[in-house]
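Read through the structures below before going on.
Shared between the two complexes below is chain A, which pairs with chain B and chain C, respectively.
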Partner chain A sequence: MGIFSVYIINKAGGLIYQYDHISQRPEAEKTFSYPLELVLKLVDDKIVVAFGERDGIKVGHTLLAVNGISLEGRYLQTDGQDAMEIIAAPENYPINLKFGRTRLTTNERIMLASMFHSLFAIGSQLSPEHHSSGIEVLETDGFKLQCYQTMTGIKFIVIADPKQTGVEVLLRKMYEVYSDFALKNPFYSLDMPIRCDLFDTNLQQVIETSERQGIGNV
Partner chain B sequence: MIKLNHIIFYFYYLFQVNVATFALLFSEIVQYCQNRVYSVSELQTKLSDMGRHVGNHYLDLLFVREKGYRRETKLINMLLFIKNNFWKTLFGREADRLEHSNDDERTYYIIETEHLVNRYISVPKDKGKLNCAAFTAGIIEAVLNGSNFPCKVTAHWHKGTTFMIEFDESVITRDKMVEGK
Partner chain C sequence: MTVYSLYVFDRTGTCLYYTEWNRKKHSDIARDEEFKLMYGMIYSIKSFVNRISPTDLKDGFLNFKTNRYKLNFYETASGMKFIMTTDLTVGNIRDVLHQIYSNIYLEYVVRNPLCELGQPISSELFHTKLDEYVRGLPIFPTRIS
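Moving on to the complex of A and B:
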């Protein structure tokens, strides 16, 4: 369904800009009776499905809400009760649980960006050809990641639907928007996180235009 | 720094300057001023001073090239000249609107929805009401002062960018006499 998200990495491998175009993530809400067929486990202070895929709830999905009350980590937002305890106790059933794709925290995004930066460098070294570029396309069945590295070492990364076309054009346009509204801004320091309103607005416009044109070519 | 200003006022219509070049140069000017001041209002004053410097040097060039050595004496003609001719030579197009204040007969407004010097600049929240068009305000002030229309020009965030021109009382009185009012 178009462009999912956009990342910009500086020449040191640090994430300087990130934008999620599709904020709607697939969620599944279902009422369960005791005992729970899913196996849940605690990963990084989040409750994640480990086993028992069914009805749209996949392995790796996080528990987002219990009986309509959203969770913060493993605790309920309202009264701080431990969700694992609530699920373990049979008297709370039937219970309504909402699962969805994990939302990445900023720290996780930064780690993923620097990991990609390293893989990119490894990619160019592993190549049997001399003077090979780094990773340009990374394709899975769910998404296609495309990367454009500028001559100054900045990497523009777009994660989009595999059927989306015109992503190379989008990457070049992103570079233009960056050179206009970030580099010409006197209040922006090089290699720092980009916090410019005009940059955000124009980048979103460019992404929307590209998404509309790209889907038409499918 | 003075050499930098000389480069800026080569905006005459025969030799078009790339907007990217100007934007990068102006960005450096703003950073240069920022490193030498301690507050936002000082920054705006410093940008205005730079603009005044440019305006003073540009005034003669402007009148030789655009006006054919003629001098404006009527206030309204001078203001229209600024809005149309002066704006066209500096920014490639005319200013959007010229307005007279309802409350104060000494005050005029030149309004532009998207000002060229502000096109690529996103002012962060901690800089408050900073408007880098203070630079242009300085140019306008110097041109008007040099043409014997003493005034003060400031830039504000209103309907885009508004330049508020406050003339001295003497200008209004003199203008009324010239008109024979």
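Moving on to the complex of A and C:
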């Protein structure tokens, strides 16, 4: 329930601001005995479940921790041991593994932002009606994405719960906060990432108020 | 309320069927180029949605809206994609797309020995049944403005 995250994209498709409000990524922890029922594979140097969904562990989840020690990619954070080797050795069992959805890295977020920038343009090109804008609302069964493009081409994107109301108003408020605390800041250069404490705090405030009001309306 | 067009793609991205009812604007690119662009957009949206999602999704992408139209998406377990563009007043029509798949596509294409699967659908019977079904829907306008 509520607002999950917020993205601001400049007119060229570059990500200039990102903020995660609630992150309730599903995680599942379980102790396994040898042999391991799951099939794991390496994707981009991360250990990903390839087969064997069970107890909240889904295909596509990554391995986050082994025996309570967090992983950095495929290696243990403490001594840099390869987690694949630990899992392969029978003497390490029973073993406690924690799986969950991968946290997006900054690079991935930049890539997704520019991806949306082009999808927005294609959406308006494929329109069956004249003078269509780009994608304004995109719905899935787990979240909805709402986008507001200003006259100057900056896109404000909010990812929220499908039942959240008042996102439209929040987007306008975010634009207001952007003009007041980023554009009027003499140290801010246009189309560059926004690094400003006053902007951060005001944006969070706007998100929290709209979240409370939105839930009240449901 | 109105229905603009329907696209049917198979799992490899071939456009099996395309038809339109009250479409007002035709993009300036060739028909088959438009199919490729549509399939490419849907493919990218699916991947985008799966990656940006904060939770695990079951059905994934359902629809999107611009200020002029709404695009509704339904994918079968076998990877066939049904895409219907409508105007903004139309609600959830996932079951309509499912009906097109189960009552019309399966009935008149899969069970028709003359229709080759994976090839564009040329069956006249499929075309008339589909047209009849869509024109009978409550979301279809009774008089065309």
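Simple rule for what comes next: the second predicted complex is superposed on the first by the 217 of 218 C-alpha atoms of A that agree within 3 Å, B and C clash if a C-alpha of one lies under 4 Å from a C-alpha of the other, contacts with A are read in each partner's own complex, and residues count from 1 in each chain.
Simple rule for what comes next: contacts are C-beta pairs under 8 Å (C-beta built on N, C-alpha and C of every residue); 3 or more make two chains touch, one makes a residue touch a chain.
Model, not experiment: these values are computed from the prediction.
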| item | value |
| --- | --- |
| Which superposed partner A:185 touches (first chain B, second chain C, both, neither) | first |
| Touched partner set for A:199, first chain B, second chain C, both or neither | first |
| Superposed model, chain A: greater residue contact from chain B or chain C | C |
| Chain B versus chain C as contact partner of A:129, first or second or both or neither | second |
| Contacts of A:50 with chain B and chain C, given as first, second, both or neither | neither |
| Partner chain(s) touched by A:39 [first = chain B, second = chain C, both, neither] | neither |
| Those residues of chain A which chain B touches in one complex and chain C touches in the other | none |
| Chain B-facing residues of chain A, complex | 180-181, 183-188, 195-199 |
| Chain A contact footprint on chain C (complex, rising order) | 4-5, 20, 23-25, 27, 34, 37-38, 40-41, 44-45, 48-49, 51-69, 71, 85, 87 |
| Chain C-touching residues of chain A, taken from the complex the two chains share | 4-5, 22-26, 58, 60, 101, 104, 108, 112, 115-116, 118-119, 122-143, 145, 159 |
| Touching residues (chain side chain B, partner chain A) in the complex | 20, 23-24, 26-31, 34, 120-124, 127, 132 |
